[in-house]
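Structures for review follow.
Each of the next two complexes has chain A plus one other chain: chain B in the first, chain C in the second.
Up next, the complex of A and B:
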């Protein structure tokens, strides 16, 4: 199957500062691989299967070496699309890039488009599917291609849900753990030397109008003084009173 | 590792993966370890000259592990990056310098502000996360490959010559490795050029960055727009531990911290974080920071030994630059590291270019680096201030001189209706009740004259 994995499409929240007035200062943070990006790539490879093709796609200053060092042969970037804070605009930019890849490959639609189902940007994967007009499954932890259909697995509470759907589809990936084997320096250096194909994606206008910001609610803090024993007793009593213990 | 074991290196100029001049096949001409000021400045100059350069940084991105505790005396950067102060992400131009003696209930300042320090720009405040990212971008634009997030864990050595680096399972070969990996340079130790430094040559620096509006900063520190102030503080900021405090203004934040000599800190059993909190909350310091928002907090090992920390700077196929070479100077008036790092990068890059052109990376050629360094402002300043660490190791400077100055000034300004006396009498009477004697004053004065 032909799959497209989208990675490094948002800035790392770890690079952001939330000011006291609620403003978020990104400080020029670059696009970063999210926790779920390696899972998205694994799913793209699994769905593509032996003989299939995986195409890596990123936007802004997302580095294509990230996906090339992880065994993907073809990486494309849409550098004109900077980091967008509007999830709908981000999804529109990604959809535009996906269609350009599909047009270049002369296919109507890739079998699967896999994108991180990032907790910080929950609207992107479903909005991307809506833009492309394809079904979407979110919270996918693993997937495989089985003949002419895609079988995905996702955790729902303590159960594992197995869903079969025909291609084309959009899959929102979530990581079950750390990346098993990050690439080494040599793999990354070789990846850096590979050519990058740029896509002429036009940044869509942001659809979201911001009218203000609200600082996150602060949780009240109680300090327990006195000796360590007294403080510990007071803490335990308070936790019991609140029904925690 | 000895010079007699040295072999030749390739005549590198251009891309790697070649075996020139009878040397070993290489992936890069030069591998620079550490993307701070020294590493980036070296990598930039070599890449700009057409050599293939790999710049490896252990942190997830350049600047992620850097922490400066002083201002950047940046004129040297114009030699490497013309127009540096216009192009680089500097915070403020430092035009006001304060040397402060901080006591529990008094605060004596020597406050020096001068418009001449603004033109040409002499010193700037920087945030390393921004500056190092900019520097590494310049390296990439010059053609260097920047690899962040990889830890170099060993040197490759063949026939006594350093010929590359190892990182996990990967090995990369080159003609010259440049160690720019900071005061605790493990690869310089690996090359046998450094041993573990004594604790009195090392200090721990802790810094907080406190966010404040730029107008508030300019009002509180009495600054023109865009200009900045730097405070070097001794006394109660370290609760008597050898070291000092610093505070300088960024564009929209104030960097404040303490530098604590490791041996003294351990002897007194104090916690460095407590001492930073104490300094930040000191009654004469807190008003500068009132209403501020803590943005960053970090700690860093600091070289305090001055020239005594400098060791051999080259081995076959290997040079050491910046703080890894022990290049840091604390004179009590100025705290310098970044300018010395840049100066060493110039000397090292010139020498490595020469070695690559000659196809000879033996110490015979690479020893041009220490010679160039010694002839530059870096080597000369390290020699001029070689006695400064001993001066600053004395306990009196941290404990006694601040109260003495405050008591003399109290005698001058406390007009209690008693008849005034001449200043020298006031000073003499104050000295009589101080733990310091004239002998101490004379001795320390002579030391200071020789050290500074």
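Up next, the complex of A and C:
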């Protein structure tokens, strides 16, 4: 099958500096690989299968070497789209990019578009599917294509569910842990030399206005001090007072 | 002035927090119930003005109905759309947002009308800040709070069946429950890498017994160290639990772990590092050595 994996499409919360007054300073933070990007790539490869093709797609200043160093031959970027607040606008930018890839390949639709079902931006995968007019399954941890169907596994609440759906589809991927075998330095250096095709995606307008940020009201736990026995008694008393013990 | 808010749900337990959020923000709340008739009936008694009911076919996942929800959204005048972060309702929310051009955001904790704008407060950056966003048109929000008292004694609202002409063939082939007692427990002790050796888990087990709690763990204790079965780790990729109380022992509190305990009513943490991120999430904390605090907790619990 033909699959498109979308990676490095948002900035990591860890690279934001939050000041005491709640102001956020992103500095020069770039689009980064999220926790779930490696899983998205694994799923894209699994669905493509042997003989299939995987195309990597990123936006903004996301580095294409990430996907090129991980065995993907073709990397495209949409550099004009920076980080957006409105997740629908992000999804619309990604949808534009997907359509441009499909047009270049002269196919009606890639069999599957796989994107991180990121905890920080959980609206993007479903909105992307809706923009493309394709079915979606979220929280996907693994997938395979068999004949004309895509079969996925996912965790919903505390259950494991197996779902099948027909291509073309959108899958929101979640990782179960850290990337098993990240590429070495040499692969990354080689990947940086590979060609990158740029897509003329224009950032869609955003329907959200940002009014600012502030620190959360409750700044941390009430700490009990003193000797271990004092602290333990105080904690037990507090839990009893809350009615949870 | 009021405004219309539509809450998209695929299971009963998703609705109360959304209704509570809407009502406290001054909205007239309707439910879009995608599921069997019982779901629509239960929703109709939960303080909503109306229920739009999309009946699901057995064997199809809620995601099969994204097209139907998109169609419904196109003829709605709702200013706000809410859904929980669960995959089914979230897929449907994405469809409503795309159909209406609604500004789409995440982690909502409060909303209100301000002049012509709907204003949403949201937790951003793993809870490090509260961000305020506003929309002139419709806004769709993946709601961040799982709490909210269900309205009691509300008169049943009208249920309007909405046809779903051609759902996607998104078929649920099997669903297997995991987690057993831990996922239902009202008290859970979670243990992390602060415990130095497997033999020391006896300390934790003893505390759990005195506490009347089940034991869960952070991912490395199951995945890397294999001290506990895979089904026992809590977090984004593991179990999501909602006990009355969660006691975290020697757990740093990385966002991936904390996501699994967001539903807990009270979180208490024992960690020797006063700067550990878990203290940002916890209600109570003891910043001391767990090897001293755990036995002290056992004594305190047994004393009375």
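Keep in mind that, in the parts below, the second predicted complex is superposed on the first by the 217 of 245 C-alpha atoms of A that agree within 3 Å, B and C clash if a C-alpha of one lies under 4 Å from a C-alpha of the other, contacts with A are read in each partner's own complex, and residues count from 1 in each chain.
Here is the rule we go by: a residue touches a chain if its C-beta (ideal position, glycine included) is under 8 Å from a C-beta of that chain, and two chains touch if they have at least 3 such contacts.
From a predicted model like this one, the values you see are computed outputs, not experimental measurements.
Q: Once the structures are superposed on A, label A:189 by its partner contacts, choosing first (chain B), second (chain C), both or neither.
A: In the superposed model, A:189 contacts chain B only, not chain C.
Q: Classify the contacts of A:208 with the two partner chains as first (chain B alone), second (chain C alone), both, or neither.
A: In the superposition, A:208 touches chain C alone.
Q: Where does A:231 make contact in the superposed view: on chain B (first), on chain C (second), on both, or on neither?
A: second
Q: When both complexes are superposed, which of chain B and chain C contacts more residues belonging to chain A?
A: Comparing touch counts on chain A for chain B and chain C gives C.
Q: Mind working out whether A:241 is in touch with chain B, chain C, both or neither, as first, second, both or neither?
A: In the superposed model, A:241 contacts neither chain B nor chain C.
Q: Taking the superposition on A as described, I'd like to know which of chain B and chain C A:106 touches: first, second, both or neither.
A: After superposition on chain A, A:106 lies in contact with neither partner.
Q: In their shared complex, at which residues does chain B touch chain A?
A: 27, 54, 56, 61, 129-130, 133, 145, 147, 150, 167-170, 172, 211, 293, 295
Q: Can you check the complex and tell me which residues of chain A touch chain C?
A: Residue positions touching the partner: 13, 16, 18, 22, 24, 35, 85-88, 91, 117, 119-123, 125-131, 135-139, 141, 151, 154-166, 172, 174-177, 206-217, 219-225, 227-229, 231-233, 235-236, 238-239, 242, 244-245.
Q: Going by the contact rule at the top, pick out the chain A residues touching chain B in the complex.
A: Within the complex, chain A contacts chain B at residues 17, 19-20, 27-28, 30, 184-186, 188-189, 192.
Q: Okay, in this complex, where on chain C does chain A touch?
A: Listed in rising order, the residues are 61, 63-64, 66, 70, 85-88, 90-95, 97-99, 101-106, 117, 119, 123-140, 142, 168-179, 183, 186-187, 211, 219, 223, 236-237, 239-240, 244-245, 255-256, 259, 265-269, 274, 279-289, 292-293, 295-297, 299-301, 303.
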